[in-house]
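Below you'll find a set of structures to go through.
Both complexes shown next keep chain A, but they swap its partner, so chain B is in the first and chain C is in the second.
Entry: the complex of A and B
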């Protein structure tokens, strides 16, 4: 089921949570909504679910306008950050809840329901746990039960709101891999909200980066990491340093030195600008051409070493990332920096 | 001459840390309290268990157990046959029946309506909400005799409501119905006030989850919210019931106190006391105590069972 969101807006009182969001999700796609808290990603997800009423715009499920449909009519599966399992019901009863509440004429027989529960328990690797209560399960197990409960009603779209947010780092990673495999097998159109970029880049087919109720960029994980479209995305995803530069006749300058960036497209503006550089795109040599700078800091972190350089004539510190086994320079050494890739934004 | 490593005085270097004899290891053993610690007392970093448990036990004994024990002692001195004769006296029986049945009915009646009021007060915001919230407590605060007189004035055959009811052939005051009404009045706050905080804490995501799974609103409330509220409802019911059984002031005015018809058990006790029939009063009191205790115990057991099963997620 493909999903088409058109010019969606949502205001809470006088504050706008979504400013005209347009988004298409292809059938069977696993899409991550990534952004800091307050970026509107959860509001967007809840509007799709029907848990929030949008202030304007349309939501189409497979071409059919669902904007005014109730939550119950939308046939979505929703997984909450804190599982929202019914703790007075057994795992089996939790999973079958969505089938049991159906009106009599569409409700499957008791035998069909119990078969479905067994099938889903096997799918989430919790066969034999049907008779237990949620309080007897670990966090990761509970979240898998919540997923099975959402899948039991055969939803047209699966919506996950920070599904791994309440779990510890190790379980999080395991469950992330598991969800990816699970999605590849079952092929549900899936939207998931996260503020964890590693999770989004690792798991999703496509990532939508949001900030302040707007989409900043959408694209594959490679796109958003390697080619951030806006200063916000550069800042939010991965690591980067920001340098104040000046563009003069299409070429960027730091202080009096020109910064040569091989793959930078020609600049169509002059004046002050911001240059965003990732540490892994900074190389340094002891001689030759480049941006001359002085080593001001050295910091070993696991398998790599960060070296801070202060470019001549500025206060800004540019970091470079090198393997830890490479002979490091000393503080005060001079080096020529080569910036292999960067983003340059006017302003 | 000394035997090596046995009787010779050990220097500090001879001891590896953690070996018996290492001063660092000896210390916790010495520090362990060798006082009157009962075997069920687990060591805890929170001090004051012994002090508080002793105080609690003494206090409960003095305030609750002593008077009740004295009552039972007094009743037991009557002798079994005499006690039974008093208990199964038909006037006593009908008073007990009226007391417990109307109390049960009033508490049960208060459950749905108290729940509804709590729901409205918690879930909706409307002008005057705080005012209505405050008047819930009035039955608590009012001297019960005042409530009794007010209710009687309303429901008596010449009162505002009583006169209307009389047109349709109903008599409210001076009948068991009047008793029931007075008990509904005094019991309402117990349900509302026990349900309210729990309802406010109910995770809205549970209801949203049920809705996404296709459950309609009524179904969601019945299958998701009510089970969460049920321990609070049961507690409120137990409190309202207990209060109603012991209620005296508000009932005696409206009841009319006609023996075999609208005479409640607490009143019967007072009547027996006024007649200097201490044995009879004690017997009725002991029976009331036993039934009340049994009911509350049952309710507690149901709650304990629910807790053990569902745990706290």
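Entry: the complex of A and C
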């Protein structure tokens, strides 16, 4: 089922949570809504679910306007950050809840329900856990049960709100891989909200970066990481340092030195600008051409070392990342920096 | 307990290296621990006070009731007026408690799940019966529903006698016992939030279905606890009921009122016999309440574990 969100707005009192969001989600796509807290990503998800009523705009499910449909009519599956399992019901009863609350005409028989529960338990690798209670399961297991419960009603769209947010780092990674595999097998159209860029880049077919109720950029994980469209995306995704530069006749200058950056689109403005550089895109040599700078800091982190350079004639510090086993320069050493990729934004 | 074991563990560890330091360390008190004499004094004060003001009177009730033997005790319940009083009390509780159950759940739901203007005022209003003297509550009902009262004409023209009759007693009881259930539910419902309810709705449950299968099971222990407290107070209420009932023997006398009349007529054994029944009901309530607290604490803790 494809989703089409058109010019969606939502205001809470006088504060706007969503400013005219347009988004299309293809059938079977796994899409991540990524942004810091307060960016409107959860509000957007809840509007799609029908748990929030938008202030304006439309939401189409498979071409059909669902804006005025109730939560129940939308047939979505929703997974909450803190699982929201019914703690007084067994795992099996939790999973079958959505089937058992159906009116008698559309309710499957007791045998069909129990078959469905067994099938889903097998799918989430928890066969034999049906008789237990949620409090007897670990966080990762509970979240898988929550997913099975959402899938039992055969939803048209699966919506996950920070599904791994309450889990510890190791379980998070495991469950992320599991969800990716699971999605590839079942093929549900899935939207998931996260503030964790690693999660979004790792898991999603397409990432939608949001900030302040607006979409900053949408694209594949490669797109948003390698070609950030706005300063916000550069800042939010991956690591980068920001340098004040000056553009003079279409050429960027750091202090008095011109920097050459390959693959930069032609600059159509002059004046002050901001240059965003990722540490892995900075290389340094002891001689030759480049942006001359002095080593001001050395810092070992895990398998790599980060080296801070101050560009000549400025206060700007550019970081470079090198393997830890490579002989590091000493503080005060001079080097020529080569910037292999960067983003440049006026202002 | 745990303080002691930590101290023991510390001293054990120290003992392996330097014995003298260990001995001195084991004598040190934790900064949050009082001197032994302070502890003993505080415990003694609390126990003495409770014994003198709570336990002794309770024992006295039962002693007085049985002072002239079991026969005299039972005779008190052979009096038709006593039977009527007991039945009336049970009937009042049977109506007032379910009424407050419904009102309490509605009020708690409104306060915990919605934001609206005047919410803070409503929360304060719910506490009103706790702070207002029951006698004042009774008098207000008399003023409102007596034949010259604001609403008195209205109810009289409908042929309903409120004051000095069953409806007045029930209304006064509902007033006095209103906060018990709502007060139990509000903090719990606020803490639970709406996610369980939202989950039920996304799974296709109707609002009504959601209430019965998700909301109610989540608060059942707190609800039962509130009902028990409400019931205990409904059966024991004296002040408000005394004002509106008119003390018509065999007709508008509840157990507490009946006890007062017997006492004023110098029928001490009978008065204490009926009083002992009321006290026994209270003790049973207390017992069930403690059991529930035990149960309910575990239930809540399970909900908090992640």
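Operating definition for what follows: the second predicted complex is superposed on the first by the 347 of 347 C-alpha atoms of A that agree within 3 Å, B and C clash if a C-alpha of one lies under 4 Å from a C-alpha of the other, contacts with A are read in each partner's own complex, and residues count from 1 in each chain.
Note that in this section contacts are C-beta pairs under 8 Å (C-beta built on N, C-alpha and C of every residue); 3 or more make two chains touch, one makes a residue touch a chain.
Everything numeric here is computed off the predicted structure, so don't read it as measured data.
**Student:** Specify the outcome, clash or fit, for chain B and chain C once both structures are aligned onto chain A.
**Tutor:** Clash.
**Student:** Using the superposition on chain A described above, determine whether A:166 touches chain B (first), chain C (second), both, or neither.
**Tutor:** The answer is second: A:166 touches chain C but not chain B.
**Student:** Which partner does A:139 reach: the first (chain B), the second (chain C), both, or neither?
**Tutor:** A:139: touches chain C, not chain B.
**Student:** Go through the superposed model and pick first if A:269 touches only chain B, second if only chain C, both, or neither.
**Tutor:** A:269 contacts neither chain B nor chain C.
**Student:** What is the contact status of A:12 with respect to chain B (first) and chain C (second): first, second, both, or neither?
**Tutor:** After superposition on chain A, A:12 lies in contact with neither partner.
**Student:** Could you say whether A:87 touches chain B, chain C, both of them, or neither, answering first, second, both or neither?
**Tutor:** Touch partners of A:87: chain B and chain C.
**Student:** Name the contact category of A:98: first (chain B only), second (chain C only), both, or neither.
**Tutor:** both
**Student:** Examine A:76 and indicate which partner it touches, taking first as chain B and second as chain C; both and neither are also allowed.
**Tutor:** A:76 contacts both chain B and chain C.
**Student:** Do chain B and chain C touch any of the same residues on chain A, and if so, which?
**Tutor:** In chain A, positions 49, 51, 71-72, 75-78, 80, 82, 84-88, 97-98, 101-102, 135, 146, 149-150, 152-153 sit in both the chain B and chain C interfaces.
**Student:** Would you pull the chain B residues touching chain A in the complex into a rising list?
**Tutor:** On the chain B side, the touching residues are 203, 205-206, 208-216, 219, 223-224, 227-228, 309-313.
**Student:** Spell out the residues on chain A that touch chain B in their complex, using ranges where they run on.
**Tutor:** It is residues 49-51, 71-72, 75-78, 80, 82, 84-88, 97-98, 101-102, 133-136, 142, 146, 149-150, 152-153 of chain A that touch chain B.
**Student:** Chain C touches which residues of chain A in the complex?
**Tutor:** The touching residues are 49, 51, 71-72, 75-78, 80, 82, 84-88, 97-98, 101-102, 135, 139, 146, 149-150, 152-153, 166.
**Student:** In the complex of these two chains, what residues of chain C are touching chain A?
**Tutor:** Going through chain C, the ones touching chain A are 195-196, 198-206, 209, 213-214, 217-218, 302-303, 305-306.
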